[in-house]
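Following this line, the structures themselves.
Heads up, the next two complexes both have chain A, just with different partners, chain B and then chain C.
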Partner chain A sequence: MQEIGKIGVRQWMILVILYMIGTTMLIIPSSLATETKQDAWLPALIGIVAGLLPVGLYSSIEHLYPRMTLMEMNEKVLGKGLGKAVSLLFAVWALIASSQVLYYVGDFMNTHIMPETPIQAFHIIFMLVVIMGVRLGLQTLARSAEFFFPWFIALYLGLLLFISPKIKLDNIQPVFETELKPVIRAALFFLSFTSLTLIVLLVLFPSYINKPGEARKAFFWGSLISGVMIMVIVATNILVLGSDLTARSVYPSYALIKKISVGNFLQRIEAVMAGLWFITLYYKIALYFYAAALGLAQTFSLKDYRPLTLPLGMIAIVLSLIVYPNVPYLKQWNTEFWLPLILTIGLIYPLILLGVGACRKKLSGKG
Partner chain B sequence: MKRKFILPGIVIVLSILVTGCWNRRELNDIAIEVAIGIDKSGDQYRVTSQVVDPGEVAAKKGGDRTPVITFHATADSLFESRRKMTTLSSRKIYAAHVRIVVIGEELAREGIRGILDYLARDHEHRPDFFLVVAKGTSAENVLKIITPLEKIPANKLYSSLQTSERAWAPTTSVTLDELISDIVSKGKQPVLTGLEVKGEQEAGESKENAQKIDTPTQLKFSGIGVFKDDKLIGWLNEPESKGYNYLINNVKSTVGHISCPDGGKIVLEAIRSKTKVKANVKNGEPGIDIRIKMEVNVGEVQCGIDLMKPDTIAELEKKSEQRVISIVQQSIHKAQKEYGVDIFGFGEAMHRSHPKYWKEVEENWDREFADLPVQVKADVKVRRLGSVGESFLKKEKE
Partner chain C sequence: MGSIVWITAAVVVIMIIEVPPLLNNGMKKELWVFGILLLLAAGLSIAEGLQLGIPNPLDGIAVIFKPFRDLLFGLLK
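Right, the complex of A and B next:
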């Protein structure tokens, strides 16, 4: 057993929320506004509803193989050799994904807050905390998430409250102007950054949660809540900045926070508000990284995943420095390559698992 | 046992190494810039930076030096000229506290496209400063004027623009975001308030300017500059500028007079004003409906009118409605006939309410705008008479 501790249902839900919001809240308004202009909230809404499908899919996989992690499922469903190969691929992907998110930390800090600090400094310091958290185990991560969650919600609501005087309803009109195609493209894009990435959580869901039955419900609610939170931010971006500025900003939500000025004294609080991203980015990276370490350990049937964290962390840091050479590359990657990739990992792969698994069960039931 | 020492060790080492920011800048290493002036100089940009002299602004001291200093540099681009300034200044110029950006009229007429991207892209600038155009002079000259009351001229400009916008409404404060989205938008053309030097330039440049009771040279906001895309094409005068503010629903308070039936004037103060712009398309013909709702107080009476009669009030309301309508129509007329650009955002209103029609006319909206029929309706309510009921002028007469 690689992980001994189990986490509670509420902790699980908080992890789902923080994980799914992750980078999404910071960057997605820009992409959605590029596609659909002032209707950007619409694909987000469609994305939330459609996003419940992958969540249902992951839940039903779990239903088929209760008390098993994704890696164990792989071996059971696909056979030992193929299963291990798939597990290995999955772990490597999770590692790359964690370094991609890590890149956002450095890029954001370098663009907006400390432009002269070498980007390595952010990556190393941030990754150290991630490694520390993952070494301490899932329980510690979940408890810290529980601790940070009220802060996160307070900052989030504070942001909405303080920005509300700047809302201009004109910005969102005319509604439903966009044609269907860009809306669907944007909705897919939204999905690719939210629900489809939840597949990573299958490494700990539901075997490490103390009440698996309720965990399924919490999974559903967690993804719904974070989806709505993201949609509200998208809509606020459009309402305050207008679709044009939202589309042109690299980090529109940060531009949004810069606009806060209540009575000419509550202003310039963007550095405080940036705490929002650091909390969510941390859990996004930590869970990707946890999936990578645990996945690797289970693939090779190690007793413990902890010895892997430090070397994997080093790899992640180096990888994060080279994973995107520049911002336009990142944009292209996000719009062109990420979607097919995440569709394969987050949709086709679990469908195969489910299909093959169901067939096997039937066969073995007959035989 | 080993753990016991390692953990505190890490904490101590980290707290020494990780404190503070990498590129921290102490207050005495930076020059705080409060205003930027941009002019054209041949093919190049001449940038003027107004920087605070901290010793002079400090509460206690205050010597013979002026509170602010300007630096100039000329280069091919804005960014280059800003960095070039380090050859003049002993400190690196820190731009996060810029209050106002002044654009020389010459540059504004040639087009301001080239300067806006830098202002938006550089992370040090915060998007909360205002942009204005130096009317009939260069930005450099404007930033050289010493102002009374406020030690830092940029602060004077910033608050003066805000105050006049709120209390008199002939100016409009435009931030960088608004300017850029107006330039990009097809349904609205940008405007910037003009800034004039009143009095002699020479006299305004020395500290003595602020030492006289009657300041010889002053900075004055006057009128709104009309842009076509990114080029300044003309100015609105004060009433027209006020009309502009009515149209974009930017009037917080203002004062205006109407004439009494038997000569003399009566002055009304607008305390609340709301404008709604509705676009409509009837039988394929576009049109704009404007509704202005105002609440006014009587502020000054110069004739023997009987204010206590409800009929008089109704009469006043009617007259001031006509007055507002004529102000607004005047500025619409000027924009339509003289400049032919839609600075009021009627195109955006059309886009919001009739997106399909907008698609057809989007490309040549300015031409469409020039012949656009505009209906203006006003609804003025007189609320209060001030602290005096009937004017003593009435008694005097009888």
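Right, the complex of A and C next:
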């Protein structure tokens, strides 16, 4: 037994919401605005609806192999040798992905809040907290998520409330001006940062949740709620900043918060609002990292994943310093290679699992 | 050189935290995986500290996924 505690359905939903919002809210408005200008809310809307498909896919995989984690499925479906190899690759990818998100923390702090502190300091301190959370286990993570969630919602609603006087409806006009292909591209891009990354959560869904049936429903609702929250932020970005400025900033949502000025009195609250990113980025990194540690432990059938967390954390810190040499590289890599990568991991790979599993079930049923 | 001292200190602290419980419980396999990972972590950190230029894994991913990317964006262009 590697993880003894189980988490509740509501905690699971909160984890899904925080995980999915993660980096997305901070960076996606810029990519969407680059592709579709003032219609950026449209691909987000399409993305939310289309995003229910991967969620349904993951749920049906879980239906086919009840009470199993992703690593156990791999071994059962693909055979022992190949299954272990795939699990190992998955764990390595999850570790790289966690370090990519960690880079966002460091880069964001370094460019916007504390420019003179070396970036390594942010990475090390943030990673230490992540390791601490992951070592304490899934239950602790889930409970802390439950605790932070009201704060997160309060900050989010506060942001929308305080920014609303600055909304200019001219910014989203003319509507529906974009052609079809950029919209599809942008919608796929939206998916690649939201629903398709939920594959990582299959390492704990649903074997670590106490009511699997309700967990499936919570999975749908969680992805839907966070999708809508992201879409509202995208729309607000366009409405306040305009598509041009949104497309040109690296962290448009932060530029958005800087605009807050209520009666020339309530101003410069962006550092408080940055709490939004830290909460969601934390759960994004923690769940990626948790998947990496647990996946590695299950691949080698170890009794406990905790001894692996500290060395893996060290590797993640080093990786986070080298994965993105600079911001242009980040933008280029994210637009060109993240989509094919996550389509392979989040769509083709579960489809193979589902297909092979269904075939085997049919064959064994006949025999 | 300062970075090597700090990395060694971190490795020693990690070993002090992790190794005794693993030895006491006789978890040999865990100890092996832990040791290999820690060695890898120390090696990578020192290489990064000395700025030896570790190859970027994202470049590797980019090479592997280039055909798929060309196909995908060819369809969507």
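Basically, the second predicted complex is superposed on the first by the 367 of 367 C-alpha atoms of A that agree within 3 Å, B and C clash if a C-alpha of one lies under 4 Å from a C-alpha of the other, contacts with A are read in each partner's own complex, and residues count from 1 in each chain.
Simple rule for what comes next: a residue touches a chain if its C-beta (ideal position, glycine included) is under 8 Å from a C-beta of that chain, and two chains touch if they have at least 3 such contacts.
Since the model is a prediction, treat every value here as computed from it, not as a measurement.
Enquirer: Looking at the overlay on chain A, is there a clash between chain B and chain C, or do the two fit?
Expert: Pair status: fit.
Enquirer: Check whether chain B or chain C contacts more residues of chain A in the superposed model.
Expert: C
Enquirer: Is A:D244 contacted by the first partner chain B, the second partner chain C, both or neither?
Expert: A:D244 contacts chain B only, not chain C.
Enquirer: Who does A:S164 touch here: chain B (first), chain C (second), both, or neither?
Expert: Once the two structures are laid over each other on A, A:S164 reaches no partner at all.
Enquirer: Just checking: does A:P115 make contact with chain B only, chain C only, both, or neither of them? Give me first, second, both or neither.
Expert: After superposition on chain A, A:P115 lies in contact with chain B alone.
Enquirer: Rounding in steps of 10 degrees, give the angle chain B-chain A-chain C taken between C-alpha centres.
Expert: 110
Enquirer: For A:E177, select first, second, both or neither according to whether it touches chain B, chain C, the two together, or no partner.
Expert: So A:E177 only meets chain B here.
Enquirer: Quick one: minimum Cα-Cα distance, chain B versus chain C, in the superposed arrangement, integer Å.
Expert: Between chain B and chain C, the shortest C-alpha distance works out to 11 Å.
Enquirer: Using the touch rule from the top, collect the residues of chain B that touch chain A in their complex.
Expert: 18, 21-23, 123, 126-128, 177, 180-181, 184-185, 348, 351-353, 355
Enquirer: Across the complex, what residues on chain A touch chain B?
Expert: It comes out as residues 111-112, 114-118, 121, 125, 170, 173-174, 177, 241-242, 244-245, 255, 258-259, 261, 267-268.
Enquirer: Which positions of chain C touch chain A when the two form their complex?
Expert: Its residues touching chain A are 10, 14, 17-18, 22, 27, 29-31, 33-34, 37-38, 40-42, 44-45, 48, 54, 56-58, 61-62, 65, 68-69, 72-73, 76-77.
Enquirer: Okay, in this complex, where on chain A does chain C touch?
Expert: It is residues 96, 100, 181, 184-185, 188, 296-297, 300-304, 307-308, 310-312, 314-315, 317-319, 321-325, 333, 336-337, 339-341, 343-344 of chain A that touch chain C.
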